[in-house]
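A, B and C are the chain letters, set down in written order, and residue numbers restart from 1 in every chain.
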Amino acid sequence: MISKESVNYSLRNLKNRKFRSFLTIFSIFAGIVTIFIFISFGAGLYKYVDEVAGSSSADKVLVMSKGGFGGLDTSFELTEDNLKDFAGTPGIYVSTGVYFRSVEIGFNDQTIYSFLIGFDPQKPLIMEMSNIGISKGRMLSSGDGRDILLGYNYQIKDRIFSKPIDLNNNIEINGEEFRVIGFLEEVGNPQDDSQVYIADDAMKEFYGDENLPYNWIIASADTSNMDQVVKNAEKSLRKSRGLEEGKEDFFVQSFTELMEGYSTALNVIVAFIILIALISILVSSINTANTMITSVLERVKEIGIIKSIGGKNSEVFKIFLFESSFLGFVAGVFGVVVGWAVSALGGEILNQLGYGFLSPYFPLELFIGCILFAVLTGAVSGVIPAINATKINPVEALRYE
Amino acid sequence: MKKRGEEIIRLEGATKYYHMGEVIVKAVDGIDISINKGDFVAVMGPSGSGKSTAMNLIGSLDMATKGHIFLDKEDISLLEESDLAQVRGKHIGFIFQQFNLIPTLTVKENIMLPMTLQNLDADEREERVQDLMKKMELQEREDHYPSQISGGQQQRVAIARSIANDPEVVLADEPTGNLDTKTGERVMDFLNKLNKEGKTIVMVTHDPDLAKKYADVVYWLVDGKVKKITRKKR
Amino acid sequence: MDYFVFSVRNLKRKGIRSWLTLLGILIGIAAVVSLITVGSGLKVAVNSQFGASSTEVITIQAGGTSFGPPGSGTVIPLTKQDAIAIEQLSSVELAIPRNIEVGKMEYNNIVQFGYAGSVVDGREKEIYELVGNIEAEYGRLLESGDFGKVMLGYSFYEGEKNGYEKDILPGKKVLIKDKSFEVVGIVKKQGSFILDSIVWIQDSDLENLIGYGDNVSLIVVKAKNKDSIDRAKEDIEKLLRNRRDVKIGEENFEVSTPEATLESVNSVLNGIQIFIIIIASISIFIGIIGIVNTMTTSVLERKKEIGIMKAIGAKNSQIFMQFFVESGMLGLIGGAIGIILGLLLGYVGIGAINSFLGSETQPQINFILILFSLIGSFLIGSIAGIFPAMQAAKQNPVEALRG
């Protein structure tokens, strides 16, 4: 049993060796702050991915080209017939075709390049899938003609154009004028927040093709049976395009599948960074072990006295183990507090820069976990010195100068 | 170079206080000591009389709280620490009751240490150390570490070290305190020999027989003050 | 005073505690050195992905969203006519248009998607020279008049790695967008992920498959000589501005010299590298704390020794130097071992990158890195020891002797 007296004794010892205790605490502290910061950002990323894949995207299915990066194969065409055949698949509820083109966007004598997305305002599945709504102005409607919806960043000075755009301003897409009728909510990454949206009929008119082929298809489907539905959809589309199995030029994926792909990549990156942060913890443990060894050596005589008046080995062991664990505990508490402050500050700065998706997240488990980890580090580092302390022969110890 | 008989060490009203927690202890309280070149001086007194403190003041190991300490007519109480180090290194040799050799250095290296600290030329050092080891009969123990030799041998190393830079004064604080009688006598013989060669020896001891046998002058200290001075007729 | 010899002896005396302190610095330095080595190797490997093109080559692309290879995401493409006009410039020796398109290729009943790059009939040799060391590993190079034929990048050769489960050899036929083409040869390995997976095809064949008309994905230009590169760049920009009717500062095209492309890639890589190294450096920092700790303990343990030294004439500065150097030695020895370990780890890391990217980067021993790391380790150790060394020097000899 760890008695109150032995706890007091340990604490007083740590207080006496203030400087050295401080150094040890500082080592573990530095390691914990590092780990805390990275895990909080990692957790933030996972949370973001989860949020994006929120309830309104769980039932979504996407069809994209196989070739090219991210569906940017300009020779890949989905026709109205393809769409109809796809829509007829059992398990597919609502489906709609989406246009996706690179365009030149001009405002106030500046030009940038971004993506123009055309969708059917009566079937705004793409909005549901990305889980975003309107932050200012209004949503598109059919028959809007040259009205356009902009991503969030266009409203902010210097994020895209040096001058912020406001409702009813005109901007140029590939040299032709469009009127801004709304802005989307912030997604949190610069790519999505700079996209531009028009109604599908406007898109057809703009590109001068009544039968403008789609680039993507988005649909909502039966979630209870998603895998089967995806398979069925592949079959329908294959037939519609006259392709053999295994030779598709398209992907059919549920949105969750897509997100899982990102998560895997995320896992690798986060794991790598945390691995490096763990090196710091390793060095902290070494420092702690060193301190504890020194502590034992300095108190050989004391240990001899304790033993000669009846202290058991287990008692000696517990005293030293408690000391190193306590050092870890103090380090852990300071570590999570400072780590939290730094992460929060960093997250705020990133947010201001438009990278809101990188915001850190602070689950309670993170705080508790880091503190426990710190205690564990202290304990593990102190085990061997504690064992050495128990092995001290009282007679020799009392003679020790 | 002082001639035999001229004053070489002088303590004038030397006082040393130090703090033990809340209490102020007067280790020595206004003592006057005068030592001539070539003297063999013994400083005696009961425990707590301040004899070791007096020795530390003479040896510039400690600074006086009040009063003056003159070494060769120079007031060392006014010197900076780096100059004091020089004094200790070149003009004074110390021998301690607990030998105080450096445990990680060999016998030879221990003896050489004062010379190394004064940045003496390597050849010079080598020559001198061989000389000293021969004198103190330590040649077979040249490469041994202090833990590997007897107490008597350790003290002989300490003596050799104390005269490594040929200082004028040798201070010995209870040099035979940790030795058995026979070994102690041998050590005292060495000290006596040094004195005959012209070195001023100041020895702290609590053994009156020792003082009677070897010392020319004996200072008796009680409670930090000089109680009595006795001189032997030559 | 032989501070160094005494330092080593003193460090040995404390056995495991010296080792543990060393270990701390060792790990930190090993981490940083290995990350720098891998980082440099990564930069070289990534840079090599862009081919071994000669430094006189200029690339021109039309403006657009920059996802994917040149030509994808452009709004107003460049044209064959642009290339002809550019070749007329006096500062330009050649200007050849190229198209890079996504396509489907079928072999052994398996379909995969990838990229094809066009060659202009009659100008194959010029293109091969400009792009890199395009030579045939198996079979022969695609030549003038090779219609209905293709040449494949090295990664198409081995069945186990090309995704088609069967080796593709010269003489075999592949289906590109459902049309049959004969493979005339496999290109020598370029060490670039991109170049090794390209299908080389005649421009007229590719145009039949895709239908891009006169549009081109990029124009490769060779300046008359190394010195006229900048002038050539200016001339081309002026010409295209004219042809595309845009003002200065509003160009909807990009004329890049190879350095420019690499510059932007490298600045990203540098940024990442610095970030990761900062994280690894935290462990060095913690290692320093370890040295401070050990040296402080050392001073306390050797209080009596310090007293003795002072008694026999050691100056404060000499005491200080002894501990200062000892501390530096801890750093130096730990650093030296750490550097060796770090380099080893770095080589392993580069090996991994090579197998992942298909590159063949040789690990380089960066002597400057090693030198700086050694000096740095000694300095780190010494600085860590300043405070304890000062403590040592300040000791009052009498109290110190009392133990």
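The definition used in the following text is that a residue touches a chain if its C-beta (ideal position, glycine included) is under 8 Å from a C-beta of that chain, and two chains touch if they have at least 3 such contacts.
Keep in mind the model is a prediction, meaning the values are calculated, not measured.
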Between the pairs A-C and B-C, the one where more C-beta pairs touch: A-C
Taking each chain's C-alpha mean as its centre, the one farthest from chain A: B
CA centroid of chain A to CA centroid of chain B, Å: 73
Centre-to-centre distance between chain C and chain A (centres being mean Cα positions), rounded to whole Å: 26
Euclidean distance of C-alpha centroids - chain B vs chain C, Å: 68
Sequence positions of chain C contacting 2 or more other chains: none
Residue numbers on chain C that touch chain B, as the complex places them: 1-2, 6, 9-10, 13, 304-305, 307-318, 396-398, 401
Of all residues in chain A, those that touch chain C in their complex: 19-20, 23-24, 26-27, 30-31, 34, 38, 65-70, 72-76, 102-104, 109, 111, 113-115, 174, 246-249, 273, 276-277, 279-280, 282-284, 286-287, 289-291, 293-294
For the chain C and chain A complex, residues of the former touching the latter: 16-17, 20-21, 23-24, 27-28, 31, 35, 63-68, 72-76, 101-104, 106, 109-111, 113-114, 210, 250, 252, 276, 279-280, 282-283, 285-287, 289-290, 292-294, 296-297
Complex contact set, residues of chain B against chain C: 56, 59, 61-62, 81-82, 85-86, 88-90, 93-94, 96, 100-104, 113-114, 116-119, 161-162, 165
